[in-house]
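Naming follows writing order (A, B, C and D), and every chain is counted from residue 1.
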Amino acid sequence: MKYAVYLNVTYKPSIRDPEGETISKDLLGRLGYSVEVRAGKCLVLVIDAQSPEEAASNALKIAKEARLGNPNVHVVEVLKVAPL
Amino acid sequence: MKYAVYLNVTYKPSIRDPEGETISKDLLGRLGYSVEVRAGKCLVLVIDAQSPEEAASNALKIAKEARLGNPNVHVVEVLKVAPL
Amino acid sequence: MRIAVLKFPGTNGDYDVLRALELAGARGELVWYRDYAAGKYDAVVLAGGFSYGDRLRAGAIAAATKAMDHVREDAERGVPVLGICNGFQILTEAGLLPGALIPNDPPGFISRWVAVRVVDTRTPFTYLYEEGEVVYMPIAHGEGRYVPAGEYKAAFKYVDNPNGSYDNVAGVYEKNVLGLMPHPERAVDPHVSRRGAGGLKLWLGLISWLRR
Amino acid sequence: MALSPGELELIRSALGREPTEVEYALFRSHWSEHCSYKSTRMWLRRLPSKAPWVVRGPGTDAPLVEIAEGLYATFKIESHNHPSAVDPYNGAATGVGGIIRDILTVGARPIALLVNLHFGPPSHPHARWIAVNVIRGISDYGNRVGVPVVGGETWFHEDFTYTPIVLATCVGIVEKDGVPPGGAEPGDLIIVAGLGADKSGLGGSAFASKTLSEEAEEDLGAVQVADPLMGKKLIDLVREARSCVKFIKDLGGGGLATALAELAEWFQLGVVAELDKIHMADREMGPAEVLTSETQERMVFVTSPSKLECLERLLEKFEVPYSIVGRFTAEGRVVLKWRGEVVGDLPLSLVAKAPETPWPQEPYAPPPLPHVPEPPIEKAIDAVLSSPNVAFKQAIYERFDFDVGVRTVLKPGEGDAAVLKIYERGNLGLAVKGDANPRFTYLNPRLGAANAFIKAYRNVAVVGGRPLAAVDSINVGSPSRPSAYWQFVEAVEGLREAAEALGVPIVGGKVSLYNEYKGKPVAPTVAVVVLGVVEDVSKVNKAVWKEGDGVYVWGV
């Protein structure tokens, strides 16, 4: 079966996220919202697998091997697995 | 209660995604994987709400008002809502 | 003396490096990434630009090419390796230099002439400078904020931090491998440079190092 | 936009039959205003375009101006107003990509970009959203392909809140023997290289020939995602392809339909195209769609069968997908095939140009000038200097890599025009600047247009440039609106007068009509880019002062 695995490649919490801060302050703040924002990259990988769990773990394996995140600065997390 | 709402801002499915194509072909392809990839921006908004549903719908409302995506070309979808 | 100027899809500083080398008195060779082979060149320059369009993140995809395995092999043999801007990003992504270069703080691409201090002159590229010398070079990047991961040796530091780099770091080195975000190839021609040809001594240094 | 009844009748009577679906698509696309200039070319013909140093004037993808013995400059301006209104980021980026590819058609190296940007007031959220994304689009595209944005002009006015005017100019240089020689013969091949055709651009040119109302979801077909990586590969390819090709064309507005029609017309040869041979990103396309798809980042190369291998080697090296789509024939017909079957067969004479359609004109009296109060001088200075139209533009031009290429002698903010070093000829330089003032063109389209020309001319002159040639961009409302059409005609007249008085030929340009929002046309906007030669870049005038320098005012 095919699954869409949604990965979030985002900076480790110890690293400041100026993009998120700017969206929060300049864009949302100007509209009167006070909302904290963190920005990352969402990569959707289409994976063949027997189960959602297998799809997720395969996607993370590929992400690691291909360095979809830079281990020095990023964390890669699965946000969602959807059957296709 | 506070929720982290994970939004994916990505091109509509009918629109090409050159970044996803390059990652799929020039990075994963080179490692021997044949995996389709779509790239988008993941924005995590921290929202005060009574329920996860309310948090999600508030986040989408803010995203629309602030034009976090361009309605002509992007879709903004909720990937995950996590209580904080 | 063979100096390779390595070009990936999206590299755009290749001809600028060739011209800087020419102004400094040497001839470089433009080498397409699939043609690069270890053991052929006395030095290699990874020129600036946007390899693979900066997709995924700057330098990440070029770093995974076979060409970079060859560059690694050459580097281990003592061949001087220079990465400028995107070249620096590729070197950190490929693990030839420590740390990472992440999007600027404040965010956004920035194009500006900046003052840069040479803080280490023990490299094939910096030994003609005085220690502490301040030179002007342009920066033009969106992902130039240096984040260390463990030990690193800085060779250049910004006088005024433009991008949120840790400890004002503008360039780092490891033995014979140097990477920097400012563009020394754009600070050679006197008509185009601002406040002196700040990049010239780097090229002269490399050339005389190779001739020694 | 559909063909007019008159146009349809003309096609029917010339063919003696109904056009096929594919033929109809070709006419619809190639005869659109955007591609055929049917409402404007009779006026544009009046513009002076000749000078001893003009080697190739208007009418092709890019002109050639001799700037030194055996060395040509080329430059052209493009408007991307409608796409930038709908998708400011990709609209502006693809505009930059498109104008660069025009420059590539003469085998030139693109060395500089200029942008003329007209936005709504920065205090308006929608106007700011457009401005921020247009600037990001130009930055991301120009920086990635390595062509420096060396100058421009930015203007804020409420007319542009929903319909910005986004103009990009590219300057290139090419040695005389680097220009593809032309001279196609029957049997020569037509190759399409770059991205696979997709539906994303369908109706783009037709879209540019329409006015905007609300944000129109159904207009999506016209929006394209920019692909600067492919754009850069095409630049690299052309740099090495000169000895392998006879002719290069951009695949722009009108897609293959326009490219084939123009090739046939240019060489006065027939063309046979096998539309199913073209590489596609989208397998579900039929012949009419392939013919009119406006997928960006594609170019057409013409080569002889004996040079094909040379070209293919480069296409493979730079990882550019391509397909051999057609060839020239001795019969004067454009023949379109799909899976072996003829789906269109048109005489060359009919394809070439849409019939001209002049529209009625009606002058309007601009409203009386608003009363300008006379504030105390200190306040006046504050008011003028803090106006966004006058304020420092550093926040904009710092987003652009203005030094890549290592030619930028006068950088943004350092002088009235940008100066580029043509180091191929020692200290030779080029000075360029683009100017427009929608307020003036609104009050008086004729004088306003002339003023834009003269201002750009002055800007080039004061840095030490000798003006050689100009390109212009005229942006008005729908031509069916007599006042808008009158504005256009008056603007052309003003440009003509200025060009003649200054002795500077107009070697190219762009007209954009239908710049309206909810039935209201924007202030007519005429931009002129002047290019001049600087004998010695070491003598260029920089805007650098020191204490004790005098200030002089010249002129009336």
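The criterion applied here is as follows: contacts are C-beta pairs under 8 Å (C-beta built on N, C-alpha and C of every residue); 3 or more make two chains touch, one makes a residue touch a chain.
Given the structure is predicted, the values throughout are model-derived calculations rather than measurements.
Comparing chain pairs A-C and B-C, the larger number of C-beta contacts belongs to A-C. For the pair chain A and chain B, the distance between C-alpha centroids works out to 9 Å.
Chain C has its Cα centroid 30 Å from the Cα centroid of chain A. Mean C-alpha positions place chain B and chain C at a centre distance of 34 Å. Chain D has its Cα centroid 39 Å from the Cα centroid of chain A.
For chain D, residues that reach two or more other chains under the stated contact definition are 227, 229. Shared contact sites, meaning residues of chain A that touch two or more other chains, fall at 41, 66, 68. With touch defined as above, residues shared between interfaces to two or more other chains in chain C number as follows: 52-53, 55-56, 60, 64. The complete set of chain-chain contacts reads A-B, A-C, B-C, B-D, C-D. By the touch criterion stated above, chain D contacts chain C in their complex at residues 139-140, 143-146, 227-229, 232-233, 317-319, 397-409, 421, 423, 427, 537-538. Listing the residues of chain A that touch chain C in their complex gives 11, 15-16, 18-19, 22, 41, 66-68, 70, 72-73. Of all residues in chain B, only 6, 8-10, 20, 23, 27-28, 31, 33, 35-47, 62, 65-66, 68, 79-80 touch chain A in the complex they form. Of all residues in chain C, only 52-53, 55-56, 60-61, 64-65 touch chain B in the complex they form.
Within the complex formed with chain C, the chain B residues making contact are 18-19, 22-23, 26-27, 30-31, 39.
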